[in-house]
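Shared between the two complexes below is subunit A, which pairs with subunit B and subunit C, respectively.
Coming up: the complex of A and B.
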C-alpha cells in the first residue's frame, strides 16, 4: 500500500504504473471532499468515543452495584453490539427519514416543531444521526470491558475508604478511576481506531450524500478505489489515515505513561 | 520379439487413440458471472437455458455465479490484478469502458461471425460496446426510461397525461398536496437528468467526448436544471439523493406519494406488486423531441481465458442473444435486444409495456462511452445536486462541473 501510494497505480492487466512521487498525497490533501471526509471522521471520533465510554462506564457502574438481574441487564445492553450494523443502520434511516419515527414524535406527538426536520439532508444533522447510532451501538461493548475492570478493583480499597469516611464521588475519582486507568486507555485507543474505520452507518444512512457532504474517510476511499479506480489516490489516503491513527495512539499511550512516571 | 513389437505397437496405438478420443470429448468449463435477479425468477430461467445449451453442446459446461451489481464490478476490478476473472460476464453497459480501461476485455468483434450475431440485436443497444474500432461486448438486454404515472392521483387532481415536457412540469404544482409530491428523481446523474437535457437540445460533452466546457454549462442545460431546481425548492419534485431522508421511489410509489417518475422496466414490476393503478408513456417531448437514456446489460469476454474457453464462451453468448433465450428472459422481465424477440408475441404478452419501451428505444441515447465516465457522472451528479438544492446558482455549479470534467479528461 505504501509503495502503491507513490505510483499512478493501474490495476489493469499488463498495464504500467508510472512513479509520480508525492502527487497522490498532494491530490488527497488538496481535495476538498477528502478534507471534508477527514474532518467528518475526526468529529465522529471526538463525539462518539468519549460518549460511548461515559455511558458504557455509567451502565457498568450501575450493573456492578446491583445484586439481582445483572445478567439480564448485561444481555440487554450488549444486544446492540451483536446486532448487524446493516440492520440497525437501516432502522436508523427509517427513524430519521422525513416521514420517520423521530419526526412523528416531534411533530405529531410532542408538537414542538411545525414540520418534519430533514435530518439526513444536511451535513451535521446527518452526521449527528450516524453518531447517535455509533454511540448506541457501542455502549454495550464499553459496558462489558468496564464491568470486567470494575470487578478486578480490590474490595479492600473501598472498605478502607469507608473507614476514612470517603463519599461515593471520592471513591469513584480516587479509587475506581485510577484502578481502571489501563482499561480506559485500552478502550480509548480501540474506539479511536474503530471511529476512523467507520463505514457502514454512513454508507447506509446517507451514502455520503447529499453532495458528498457526509463522506467519512472509508466511504470516500471506497468510492475512489472501486468507482473511480484511483488506486494510488486511495493508497495515499489510507496511508494518511494510518499515520493519523498512529499519532493518536502514540499520543494516548504517551499521556498514560507520563502520568505513571509522575 | 516380433510378437512383442506388435503388442507394443498396438498398445501405443490404443493409448494414443484413447487419449485423442478423450481430448476430443473433454469438456470445456466456462464460468459465467451475472446479476440476473433471483427474486424475479430470472435465475431459474437462466438455469433452464444453461441446461438446454449444455444439451446442444455436450462439450461445454457452464458454471454460473450470481453477484449483485457492485460485487460484480468490484470482483472484476480486483480480478484485473489477481487474474481471477470469469470467461463470460453479463453486466451493466457502463462496465464496458471501465473494464476496457483495465485491459481485461477481449475484443469479441474479432470472432468471424460477430457481425452476423450483432446484426440480430438492436444497433443502439450494441453501440455501448464499441471503443475505437472494436466491440468489447454484445448487447444482452436493453432498457430505457419511460414516464410512469399514477392514474388515480392524476385523476384525483384532474391532470391529463402530459404530451410535452412543459406540460409535465406544469402538472407538478397541480398535483402537490399534503400527501402527494408530483414527481421523484432518485439521483442527479446523467442517467436521471440526461433525458431532459437531450430532449431540449442540450449536450453533456462535446461530440468527441474531449470537453464539457460550453456543453454541460450551456444556456440550454442551465435552463433545464433551473426548472428542476424551481420544482425541487417548491416541494413539487422529490430527490432522495439530495435529501437522503426523503421517501425512496419504490416506497413512495407503494404509498401513492409520487405521481410521476421517469424509470425503467423494473418500475412496472414493483408497481404491479404494490397494486398501483399506473400507466406509462415515452418521455414527453421537449423542444428537440423525446430522447431518453439507454440502459441495459452487455455480455463481455476476458483476455485471460484460454482459446477453447473463449470459443465456448462466444457460443454461449450467441445462444443467449438468439430469439429463444431472449424471449424466455423477457417472460421474467428482461427486455430483449434480439430484433425477432422484440416482435415475438410471447414476449409482448409477458411485457405489456414492451411497445412503449420500443418506441422510446428508437430515440434513446447511450451515455458517453469513455473510461472516466463514472467520475464524470459523479461530478455532474454532485454539481447538479448543488444547483437543484440551491447551494449554488445553477450557472456557477455547472461552470464548476465543466471545469472539473475538463481537468479530468485532460489528465
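Coming up: the complex of A and C.
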C-alpha cells in the first residue's frame, strides 16, 4: 500500500502503473473534498469520543451501584452494541428520514415544527445524526470496559474515604478516576482509532451526499478505490490518515502519561 | 438530625439514579424494539409514515422467522459462527493475557518497541488490509475455510485485548502479590496462573464478550474468504438478502438479525457475572 501510493496504480496486468512520485499526495492535499472529509472526521471524533466515554462511564457507575434488576440494565445498555452496524444505521436513516420517526414526533406528536426537517440533506445535521448514532451505539461498549475496570477499584479505599467524610464527588475524583487511568487511556486510544475508521454510519445514512458534503475519510477512500478506481489516490489518502492517527495516538499516550506523574 | 438528613439525601440519590438509568435504558432499546416489531410485521409496513410503533397484536406473526428457517440453512450458519466465535475468543484470551502479563511485568529488552508495533497494527484501516491478507490466506490455503476466518479474527482481536489487559494489570494488580509468589519460590508462570488470571477476570470477561461479538458483526473479511454457502457465517448470510433481490426484504433481514443476537445475548449473560461488585476479591494496592 505504501508503494502503491507513489504510483498511478492501475488494476489488471496488461496496464502499466507508472511511478509518479508524490503526485498522489499532492492530489489528496489539494483536493477540497479530501480536506472536507478530514475536517468532518475530526469533528466526528472530537464530538463522539468524549461523549461516548462520559456516558459510558456514567452508565457503568450507575449500574455498578444498582443491586435490584441490575441484570436488566446491564443487558439493555449492551443491546445496541450487539446489533449489527448495518441494521442500526438503517434504522437511524429511517428515524431521521423526511418521513421518519424524528419528524413524526416533532411535527405530529409534539407539534414543535411546522413541516418535516430534512435532517440528512444538509452537512451538519446529517453529521449530527451520524454522531448521535455513533454515541448511541458506543455507550454500551464503554460501559463494558468501565464496568470491568470498576470491579478492581479497591473497596477499602472507599471505606477509608467514608471514615474521612468524603463526598461522592471527592470519592469519584480522588479514588475512582485514578484507579481506572489505564482503562481510560485504552478507551481514548481505541475510540479515537475507531472514529477515524468510521465508515458504515456515514455510508448508509448519507453515502457522503449531498455533493460529498458529509464525506468522511473512509467513505471518500472507498469511493476513490471502488467507484473512481483511483488506487494510488486512496493509498496516499490512507497513508496520510494512518499518519494522523499515529500522531494522535502518541499525543494521547503523552497526555495520559503526564497525568500519571502529577 | 444529621443522620436523618443524610438518609433522605441518599434516598433521593437512589431515586435519581433509578430514574436516569431507566430513561437511558428506554433510549437505548427503542431502535431495538422497532427492529423486532418490524421483524414480526409484513415487509410493506416497515418504513411507512406515520410510523406504527404499537401495532395491533393481530398484525404480528412469525412468518419472516419461519421463512428464514425454511429457506436458508440458518442453523448451519449459526453453527459456523459459533465455532469461529468460541475458538477465536479462547485463543485470543489465552494469547493476549500472556502477552499483557509479559508487557506489564516481565523485563524484556525492547518491549516498549514491540508493544508500539502491536498497537500500531490497529491504526491501519481494516479496509486496506483485505487484499494483502487475502494473498497471505491463499498462500497458506486458508481461503474458503472456516480456519481462515478463525486465525485472522484471532490475530485481529489480540492487539485490542492485549492493550486492555495490560492497562488493567498495571492499574489494579499490585506487584507485591507477584513478589510474595516469588518469595515462596514460584515462577512467573505461577504468578500468571494464580494472581493474574483470577484477578484480571473481569477484564478478561470484558474482552471475551467483545471478541465473541466480532464474528457476528464482521463482514468485509468473511465475505471475501467464505465463498461456499455451507461455510458462511451469519453476517455473510444476512448480507445475501441485501443483494439477492433488487428490493431488500427488510422483514427477513430484521428477523435473521434478531435470531443472530440470541447467542450473543446468552454469552453476555453468562459472562456478565464477573461485573457484579463483590465477586472479585479486593486487591491489596500499595
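Everything below uses one rule, namely that the second predicted complex is superposed on the first by the 260 of 262 C-alpha atoms of A that agree within 3 Å, B and C clash if a C-alpha of one lies under 4 Å from a C-alpha of the other, contacts with A are read in each partner's own complex, and residues count from 1 in each chain.
Here, a contact is a pair of C-beta atoms (placed from the backbone, for glycine too) under 8 Å apart; a residue touches a chain by one contact, two chains touch by 3 or more.
These figures come from a predicted structure and were not determined experimentally.
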item: Three-chain arrangement built on subunit A, subunit B and subunit C clash or fit; value: fit
item: Between subunit B and subunit C, more extensive residue contact with subunit A; value: C
item: Partner chain(s) touched by A:202 [first = subunit B, second = subunit C, both, neither]; value: neither
item: First, second, both or neither for A:136, with subunit B first and subunit C second; value: second
item: First, second, both or neither for A:188, with subunit B first and subunit C second; value: neither
item: Which of subunit B and subunit C A:49 touches, first, second, both or neither; value: neither
item: Subunit B versus subunit C as contact partner of A:37, first or second or both or neither; value: neither
item: Which of subunit B and subunit C A:246 touches, first, second, both or neither; value: second
item: Apex subunit A: angle to the C-alpha centres of subunit B and subunit C, given in degrees as a multiple of 10; value: 90
item: Partner chain(s) touched by A:89 [first = subunit B, second = subunit C, both, neither]; value: neither
item: Subunit B and subunit C, minimum CA distance [Å, superposed model]; value: 5
item: Footprint overlap on subunit A, where subunit B in one structure and subunit C in the other make contact; value: 97, 99-100
item: Interfacial residue positions of subunit C with respect to subunit A in the complex; value: 13, 17-18, 20-21, 24-25, 27-29, 31-32, 34-35, 47, 49-51, 119-120, 122-128, 132, 160, 163-164, 166-168, 170-173, 199, 202-203, 205-206, 209-210, 213, 216-217, 219, 235, 238-239, 242, 250, 253-254, 257, 260-261, 264-265, 268-269, 272, 274-277, 279-280, 282-285
item: Complex contact set, residues of subunit A against subunit B; value: 10-15, 93, 96-100, 118-121, 126, 205-207, 209-212, 223, 226-229
item: Subunit C-facing residues of subunit A, complex; value: 1, 59, 62-66, 70-88, 90-92, 94-95, 97, 99-101, 104, 108, 136, 139-141, 144-145, 147-157, 168, 179-183, 185-186, 189-190, 193, 196-197, 199, 218, 221-222, 235, 238, 241-242, 245-246, 249
item: In the complex, subunit B residues that touch subunit A; value: 70, 73-74, 77-78, 80-81, 83, 98, 101-104, 241-247, 303-304, 374-375, 378, 382, 385-386, 389, 391
